[in-house]
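In the two assemblies presented below, chain A is common to both, partnered first by chain B and then by chain C.
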Partner chain A sequence: MPVPEHLEFFIDPNRCIGCQACVQACAECDTHRGYSMIQLDYIARSESPQTVPIVCMHCESPTCAEVCPADAVKRTEDGVVQSARKPRCIACNNCVLACPFGVPKMETPMELMMKCDMCYDRTSVGKKPMCASVCPSQALFYGARDQIERQRPRSRPIHRFLFGRQIIVTKVHLMVPFESPVAPMDVIAAFRETVIGHVFGPNFSAETMVGGGK
Partner chain B sequence: MMPGKPEVRRALFWGVLFTAILAGLIVVGSRNLSHFDAALVGYTFAVLFALFGIVYRYAIWLQRPPTAMYWKQGWQAFLAPRHLISNLAHWVGRCVTDIALNRFIWIRGRLRWLAHWTIMWGCALAVGITFPLVFGWLHFESVPGDFDSYRISLFGFPTADFSVHSLFGFLLFHGLVWSAVFVIVGVMIAMRRRMRDEGAAAVQIFAEDFLPLVLLFAVSLTGLLLTSSYTWMKGYGYDFLAILHAVTVIFTLLWLPFGKFFHIFQRPAQLGVTFYKDLGRRGESATCRRCAKPFSSRMHVEDLIRVEKELGYSFEAEDPIGHYQWVCPPCRRALFALAQGRMWHGPGSQRAPGIPAQGSSHVNPGLGEGPLGEEDRENFHP
Partner chain C sequence: MAALPAKVEAIIEKFGPHPARPSALRLDPGVEPDKVVRTHCCFCGQQCGIQLLVHGNQLIGFEPWMEFPFNQGKLCPKGVKRYLQGSHPDRLLHALERDPSSSHGFRAVQYDHAVSRTAGEIKRIQSQYGPDALAVISGASLTTEKTYLMGKFARLCLKTPYIDYNGRLCMVSAAAGNKKAFGIDRAANPWADILKAQVVWISGANVAECAPITTDYVWQARENGARIIVVDPRVTPIARTCDLFLPIKPGRDVALFNGILHIMIEKGWIARDFVETYTVGFDSVAQYVRSWNPKYTSEVTGISEGAIRQAAELWGTTTTSFLLHARGIEHHSHGVQNVLGAINIVLASGRIGREGCGYATITGQGNGQGGREHGQKCDQLPGARDISDPEHRAHIAAVWGTGPGELQGPGVDVYEIFRKISLGEIKGLLSISFNPLVSLPDNNFVRAMLEKLEFYCAIDFFLNETAYHADIVLPGSLHEEDEGVVTTAEGRTIKINQAVTPPGDARQDWLIIQDIAGALGRERGFTFASPREIFEELRKASRGGVADYSGLTYEKIEENFGVFWPCPDEDHPGTPRLFEPGSWNPIARGAGPFYFPDGKARFCVASYSPPAESTDGEFPFILTTGRVVSHYLTGAQTRRIGPLADHTPEPFLEIHPHPARELGVSDGDRVMIESRRGQMVLSARVAETIRPDTVFIPYHWPWEKSVNQLTISAQDPISRIPEYKVCAVRIRRYAGS
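The block that comes next holds the complex of A and B.
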């Protein structure tokens, strides 16, 4: 069964508190049992506690599938880019290196690429993906668009991203400020940036937090 | 005039060429069809059609930019004179562990391995017996003066004699029974998994996942019924069963180029990938243009940039990035979040040109939670 059209995935790394609930819940999914597919990273561990949860963005024209020499990565009609088909994947690593979001993982002994498939066993029957069902800050949100618009009036979802000259359109949405430009988010614009928000460096003090915090 | 695009014409050429070669070998190997059994002509034409379809699809597949890249680079890596001997030894080892023993499926799951291994060897045994018989390449004839013995003739050349009452004779003449039992065991295990595993149930589709199992079961069962008919039932219903068996086999052969069975011909590409990766490890590493850490091989990144250009992607970026492929996967994830943060908070603190970023790291670097294995450790440089 296809994933219901009215239910969509929205991510907001700004809200992530790094609790790892998504990492543990992800491994419970039946389509990749025992393996966590979510990528939960510290951006710069020694400078900031900021964490980033990245799920597969399910691109409309998935680079991982296009560069696959074995035709192992397929996108179903509901727009979900499935994990590599087991009989076909030859573990070449092309998809891992080509994904602009850095999502796929490689299980070399199994000769298999594995990636987030939006918990297809759950979402295809109308349930939430495991990560979104346990995320306490709802950095990972799965639901109807009117619901998230109602709950987060300062935000709006986007699904167009710019990498150099390449625009990538995705099924999964990223929450950005409501008044931000309509143009695709330029990912490379942040190339020289180090961390988001406050920097806990040697000059950090409670006063800077209180005085400069927003 | 040849139809279609150049890649279609090339694929048609290879398909026709391979089909013609097999047809020629059938004529030669059966000694001008003198050993060819006319009753099996339907099987022969089904195999010829299947071969054309397989070669055509394979040739189209090999012309896709990423496949063409691996095909060319994989052979170059394998045939490199400096490493040819070690590559050959490695190739034999991988043939045994990956193809003969299916080690990678063993790691995926013991029951999955048992299902695949029994189906694979059952089919291989059946193909090894039936194809040479159908083509007239394998032929049995009585030994002059000894009615209890058969002589095996291969490509028209007489080889060994054996007694029809010997163990060898029993095993040989019942080869298809053993193969059918192997296949049925594997099909039952695979079918059970497809009916009970919720993960498999979510993504399986009938034509891709069930039909091959149904076909293999039908071929094996009707084959066993033929043996039962002439062994225990005095040939009851033999003609009908023979037609039914032929229908199931011919349908399976015709399905070979289209569905899941095509992986039989694609799968050996994993051996070429190994040599390509080995060559990459012996060479220079790629260096991330954001965090300056090594990830994967420089050769692989450069090849991917070429492949992406051929596919119409434009990930080219201004210096110092040059191309987004030069940014390692963890830094891509970090940039995504930083770009979002920039939209909320405006530009943040910037690092000076030439100073590498710290680079992101998995919150939980445990195997299965962060990277899945050694290759991911290289990809994600924890």
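The block that comes next holds the complex of A and C.
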């Protein structure tokens, strides 16, 4: 059974609390028990507790598949990019190096590329993926688009990303502030931007704090 | 008993903590579970619903339980990995007896021998020194049936007044404040009311790490238009996106609440009709806060006047609100005053007892709520009854088939129990699910007291660090090895279901307690055949009390995904929201919605006093302590779960870059932290997310990594909670290895 069309995956980094429930739950998934396919990082822990979870974005034209010399990476009809097929994977690392989002992992002992397959064993039978099931703050959300649009009026989903001159359209959506002009998101430019203003939210400034205290 | 029976390293080598990881059965996707058990996570007061997967009497994993209404499948990393505590290599399979001749300090003994030795020592101590020479310390992670049995065991079987529990370190300031103001100690509202609030005020609660699922409620409220105010000395994850952040100096919360009330009065933001109809005591509180003008409040709290005025305006002018607090305002030598200050601004707003208008403490321990209701607190009898009240004593004595004169009076808090060991008044100790050597403040004192005991029996499923000092260890039961009820932070009583049976000689804790009673020849009242039988007696014992469970049954609880107490008869649907206008309770009897004879809530003057220990030139930093998301309490369980231990393998010192620069400390450097009581060496985490005058260390580790070597044993005079959140320390770069 394919993954139902009306159910989609949304990442809302604004909500991430860095708890690692997704990372831990991912390793409980039946298709890759013991291995977590999610990357969770602090942006700049010295400045903020902000973290971002990275799951596979499931590109419409997956770069990982395009660069695979062995044709081991397949995207199923329902738009899910699967882990490399074991009989074909030659563990060359091309996909790991080429993925713009840094998703595939080379499991060297098994000589196999593994990646997030949106819990295909679960989503293809109508369940939510493990990570989005457990995520305490629902930074990882799996459900109908009208539901998330209704529940999160301050944000909107985007799924177009710019890497240099390459535009990538993904099955998974990223929630950005509603008024944000971003579309597509220029990922490389974002790396170069210096942090300005209140991007990182509350701090210990003269606005909120006075010295001393009795 | 004296010093440890072997070197710490040798005991650790045998008994752990060894981190468990998924392996074999758990990694084989071909293994199907024999059964799927709907139960709850054991690791905090939210008690998330979870389905445990069982194969051949072993937990092999979990499946989210999407239908359970509180968390709808959501779990934090502790919940996800909780199954790894089952079939653990460190699991106690046999009773142990202290044996200094053994390389690791203990020898395995027959269970019956261990029970009869325990009974023999209890008899000897009590006949030699009197019944009061024996103390019992219990846990708030146990099911309510067990906590009920522990209270009954101490008072009826051992006839000692000295029983207290580790909720003393957690929820008691909130409990005392709530009883003073509302006459009842329970969250006033279900969490569903958070979603309907226009302002959510969070004081001293690291919601994202200590009650992760609550984050979704708060942030969904924000999506619905609520403004979020966070009061904390650290930018915690919940603070990151709040609308107003008040970076309070630790220990000054009541000053802020008084300052807010001052502005509310000045601006006319008081719900006069509500105050008039439903409360007493407003005028004296108004008089007290007159001096708490914004300037003075700012000077005391370290928060700018502008931010204080903004908070008062947000709070004062909204129509619906929810105020949440947790240990951040409660772990103080004036924790009850902090709580009363919070309640005063709720009562003055009139926003309680209605949809979207609420107040709650976020209870921390697994059964923090249920575990503080039915008689293991030193001054309490089942049903949240008062042990000093003759009517209450008579009711419980009748249920227990004894005379009220046979029941001991109030005992003392757990720290005082250790002081009584110091005075030579207490000679023997029985502990269950409590690890005071890690969790009590100034724990070098605690260690010396453990060494002074004549006899110590510990009941637990792993050998926790305190139990290293035990003469006898009895192998108890894990959460998933027994059934019973617990009550969540919301006040929802839920059902824990058994997934597996205890391994080896281990058995359910209530059976162990009954076996000790039997070996003492005092089995009357301790012959229950099941947790259900204990629960049936508990229902009778709680009937007519404030915490009335008499209308609850196991079946009703499961059918309804939990039922909120009070639930005074079987047709009663339970009480999700307290204090609704027109509601009935057994104290007011229709006079009003609050739990006093006149039905009115109490404004209480919440007076400010500084923390017990001030910073000075010698010890210039405020040390505050707390949790991280991957660990629970003293880490006795979570340090044994590999993926959680990997996430946060050891404590750290969080320090602001300004003082770090002055100290010559960079991120990752080793630093020596010293208080007047102890010292420790940790790695520094230099970050702008903490006040420059404050440093933070999490508390889940023992021995040289225990921050409670440094903390102070100052306690709140009312709740007796220790002041974990403030003591004075000095810091220097540590050059040693």
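As a convention for this text, the second predicted complex is superposed on the first by the 188 of 214 C-alpha atoms of A that agree within 3 Å, B and C clash if a C-alpha of one lies under 4 Å from a C-alpha of the other, contacts with A are read in each partner's own complex, and residues count from 1 in each chain.
Please note the rule applied: a contact is a pair of C-beta atoms (placed from the backbone, for glycine too) under 8 Å apart; a residue touches a chain by one contact, two chains touch by 3 or more.
Quantities reported herein were computed from a predicted structural model and do not represent experimental measurements.
Once the two complexes are overlaid on the shared chain, A:170 sits clear of chain B and of chain C alike. Of the two partner chains placed by the overlay, only chain B lies in contact with A:120; chain C stays clear of it.
Using the contact criterion defined above for the overlaid structures, shared-chain residue A:18 touches chain B and also reaches chain C.
Residue contacts after overlaying the shared chain place A:110 against chain B, while chain C stays out of touching range. By the touch criterion defined above, A:31 lies against chain B and chain C together after alignment on the C-alpha atoms of chain A. Of the two partner chains, chain C is the only one touched by A:128; chain B is not. In the superposed three-chain model, the partner touching more residues of chain A is B, compared with the other of chain B and chain C. Once chain A of one complex is fitted onto chain A of the other, the partner contacts of A:100 are limited to chain B, with no touch recorded for chain C. Under the contact criterion defined above, the residues of chain A that touch both chain B in one complex and chain C in the other are 14, 18, 20, 23-24, 27, 30-31, 33-34, 45-47, 50-51, 214. Interface residues of chain B, counted against chain A in their complex, comprise 61, 64, 66-67, 69-70, 98, 104, 107-108, 197-199, 201-203, 260, 263, 266-267, 269-270, 273, 276-277, 290, 296, 300-301, 304, 307-308, 311, 313-318, 321, 323-325, 328-345, 347-351, 353, 357-364, 368-369, 371-376, 379. Chain A makes touch with chain B in their complex at residues 12-14, 18, 20, 23-24, 27, 29-36, 39-47, 50-52, 54, 63, 66-71, 82, 86-88, 90-94, 96-103, 105-112, 114, 117, 120-121, 124, 161, 163-166, 174-177, 180, 185-197, 199, 214. Of all residues in chain A, those touching chain C in their complex are 14-15, 17-21, 23-25, 27-28, 30-31, 33-34, 45-51, 128, 130, 133-138, 151-154, 200-204, 206-214. Contacts from chain C toward chain A in the complex involve residues 22, 26-29, 61-62, 64, 66, 73-77, 79-81, 208-209, 212-213, 215-216, 219-220, 222-223, 230, 235-242, 245-247, 249, 252, 298-307, 610, 629-630, 643, 647, 656-657, 667, 685-693.
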